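Note that subunit A is present in both complexes that follow, paired respectively with subunit B and with subunit C.
Right after this comes the complex of A and B.
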């Protein structure tokens, strides 16, 4: 393969960036996704914004329930029935026009054409990502034939090629195998091959390393890095594992209870964390250093999603809580360095409160 | 796969032998040997039996000889197609079964087709439109169907039919057609009569199938492979039919074979209420009157059909589900 270059340059040649997207491939703006149930409304994602450029790797990190997976499901519009996007935009640069994925019909033509072809997703459980009664090849070939007008034989060859590329030991035979025949690592690879079968411009990896053991986790990260260098797609890496973020991504966004609390380059966020929550997260990682260093967990528990705290959602657990401010107002995003933003009153925003 | 079928066939041999032993025990169970009770029965009706007949019967079934000789004689004549002689019908058992089998089979097959044709689509609808008005309505109808005994439905059906049309739909043919040679007229007469028993026999099965399909499909629909397929751009219709339905229907396929004995046996009570010429009332009669050759023959046939049906189901399941193929 010679035609594929890494990331940005290849994309920039293809299509001029749309007005207002600053060359971003995907621009999520003030996304709000809520879940409606008998018990009430859960604001799973409550005003999240981020951009991702072609070929870039963005990490989204946070505890369980912070809305990172719901964000990715919102982008592809594969939310469960009771989940709805109630506000915001998801602008995607599709060929030469900009589509707002948030307002398109969830199972309409536009989204179906984008899913799997332009934006693909890797899921947490490789065992259950494939139908147990269809061969992995059946599902890869199906995806290719949905999005490209090729014969069965051609699609088969493409699928074998993709399986070879993700490092399956015997692609010509593996293509006819079922998930229960494959080892955990092979399943992961098959799943990557499935999502990359149409060479998407954006790959969303939703906790791809959570359900596997550490050796396979390392293989997976290496595979993603190789494939990314090879095919040049952008990646959104969703994980609660800050190690994975540090290992793989260029930029990172930290989320807490559906809100973005801090974002910046991995370098900035990991070495100069600003938000008390980010600092807490980093302090709670066990370190492999000689001598015993105490792990410092974040105090308190994640609040009940049906009874969210007012003001800054983190104020109930924050060591730097400013009484009279944090519980009353929502902190705005404040730039602390170029490309490094924090939503916390410690860094300003109070003057705008009057 | 071939090896799998072969292995299953071999396993069937000891089970079949076991069934035949149980069948033999049933024959032996009533006090005295069956020839004595046969004679007693005939004499009670004032018939005189020639001693030659008695002797030939005793010789044929090895009465008075050791039990294993008796068993062997019975089994070998069974295999040769001599199922013995019915005391209450005074006919060879083979003839009785041959007369009744076609109508048993027709009614059961027809009601089975109705069960699948009605049950599966409604089950799918109930699952995909869960908690809709249609789902609730079919749930109510379904529970009523499961809870109502079919013989009660048969009585209600008879009464309604009589109320509305003045006809008494008992049996499969009108009285004047009963002995007519089979032709177009008789066939049309059959069509006019058979729908009621077929529908009634199928009601509980349909209701059960609706519940099963709904539950199976509801289990599959939220599975991740469905979401993944959706995230690949698969169309909503294919998203239902190609993936979850394929798996949800497996238990239905795997029980198809079990229906084989049901096809023959049919519904005892419904057949009695509607006066249907099926095998079921014969089985009941033979058990009540200790007509042991007849009863055992029917039980043997049902037992063997159960075995064959289970084998068929297992083969079907191995064909549709690669996980089973992988495990065998």
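Right after this comes the complex of A and C.
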């Protein structure tokens, strides 16, 4: 495996955490996050591995139930009560130390120091990120002072500066406003300012443009691009919208039912999609191109999470289904080009089955 | 109430004519509910819906597209204006003037599909009850056997297994639920279906199934669609004509391909430019990013409501409200835009900058 850094094979699991980060800021290896309920176990994330380097923008894309949001919640250890990381590693390069976020105490010192300071998150609905009874300034100042030893005045100045950076029209006044006084677009900007107030090394953006109008979405994407160029943090962009992925990210991982199906640069994945699911997804999106461009839906429905298909999770809907193989075995990740990997028996792995 | 065709300017292909439609909501305050202002949700909207076509109403939240559709089926009574509806060769009826009882026939012929199939279907009713309810209310079936037969037929029409008719909506996925909602909407064999963001809540692979199903049903049953949506790529795929709304008004209306490749209103241009395309090659193109947000319909700026966000705005735009004027097209498909400079601006559509031919014969 040259050219890319990734873990996730059985041998890597035995290696000590610090080894093999290869300059990655975050290295998720064979992550398994399951949900336990009365009806059974849902394997929301079932063996996902990826790396992100400092300053890189990675997209994680897939439809509802693919596990993209659970992956991000696992990284920050903010899973709902019935969700548990049951396997794998989440290695984070914190200063000169490598921390395995998967095994740290979710409420412990290490994670509380990392959350908000080293790794920050923005959400779909900005109202959930803020308390409605405190001004946005007070909340940003609080965040800054939890993580940095600065005076109130200094924190205030930093907060104003951050609000200015995210394009608030009048930062000195906006800092005393409450979220309910702000319009949707301004709330989004305030949330970005809050999340970036401690200059995190990694920003996780979970569907930040899904609930907003297209002109506000364009503003938001421009803001993320500018601020990434400005502050140089890495971004994990989680979205179902492949247009947003194409617009913003360098690399993309496509997920289906808790599994990684394809991974590569956006150019590779969008221009040379290999996995039948990726091809199906791209073919089902109406295009903004002149003339009549037909769309082809993926047949069938996403399986019930309590009754997951055996073998390749996509085999029930796959147009290239190989009987006797796909429903029996898990397809391994196969490299089809440098830095472009697919988990599908069409591209190899069958010879290893016997 | 009927109106002779001569009184209206409906042509023979028109099934619904919306004329000077206005819907204002009062802004009230205090204990005495004193009216202090008015939200102009829909402000003088005019369009024709022609038989067998798909007309899309597109725009951002608060532009009035949903209120317009509600005013058509009289779910909300318009403040002013007329909604003329005609079935076959009959005289057109003005729905705005009709009493609730009189509306029954019109409502049998104009049906709605909503965005969220999780809240639009009653979880305590079986598919048979959900789809069969309109048939019972409108006395379209003779007995229980007849009802079951008709519901089975409708389920097959939307590609669901008729043997599932005694199950409840929770057993179905989002896409399947939207099929159930479509079956219910089609149960009375309507002429017109209003789809209000009908695919917005669905995943893309399922969204494509529903978009294609709607098209097949249109061809099969000769339906006319009013397609209310915010996603420009979806609208491009589904609609024959598009009306772009901004702050309660139609700012541009025309044939889909012409409007997308040759937009004549700066707002349409910006919407097209902002729509993300799943192609990394377009990543580095120059995008028009509008500053600010959609105008508040309760406090509209003077002149053209779009002028504070328009990069071409001049003094005239701040003072004078532009009217919808013809900017091309032909006798059958007109292309209109409400911009003072629609004739002179060189706007960019999906194909990149285009050379406009005189008279719009392109």
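Quick note on the criterion: the second predicted complex is superposed on the first by the 335 of 354 C-alpha atoms of A that agree within 3 Å, B and C clash if a C-alpha of one lies under 4 Å from a C-alpha of the other, contacts with A are read in each partner's own complex, and residues count from 1 in each chain.
Rule of thumb we're sticking to: contacts are C-beta pairs under 8 Å (C-beta built on N, C-alpha and C of every residue); 3 or more make two chains touch, one makes a residue touch a chain.
Since the model is a prediction, treat every value here as computed from it, not as a measurement.
Partners subunit B and subunit C fit side by side in the overlay (superposition on subunit A). Between subunit B and subunit C, the partner in contact with more residues of subunit A is C. In the superposition on chain A, A:97 contacts neither subunit B nor subunit C. When the two complexes are overlaid on their common chain A, residue A:280 makes contact with subunit C while staying clear of subunit B. Legend: residue contacts after superposition of the two complexes on their common chain; A:128 is shown touching subunit B, with no touch to subunit C.
Contacts of A:338 after superposition on the shared chain: neither subunit B nor subunit C is touched. Of the two partner chains placed by superposition, only subunit C is touched by A:270; subunit B is not.
With chain A used as the common frame, the shortest Cα distance separating subunit B from subunit C works out to 9 Å.
Residue ranges of subunit A in contact with subunit B, taken from their complex: 76, 78, 80, 107, 112-117, 120-121, 123, 125, 128-135, 139, 142-143, 146-147, 178, 180-181, 194-195.
Across the interface of their complex, subunit A is touched by residues 60-61, 173-176, 203-209, 211-212, 230-234, 236-238, 257, 260-261, 270-280, 282-283, 287, 289-291, 293-294, 349-351 of subunit C.
Interface of subunit A with subunit C (complex): residues 63-64, 183-185, 213-219, 221-222, 240-248, 266-267, 270-271, 280-291, 293, 295-299, 301-302. Subunit B meets subunit A in the complex at residues 222-225, 227-236, 242-243, 246-247, 250, 320-323, 326.
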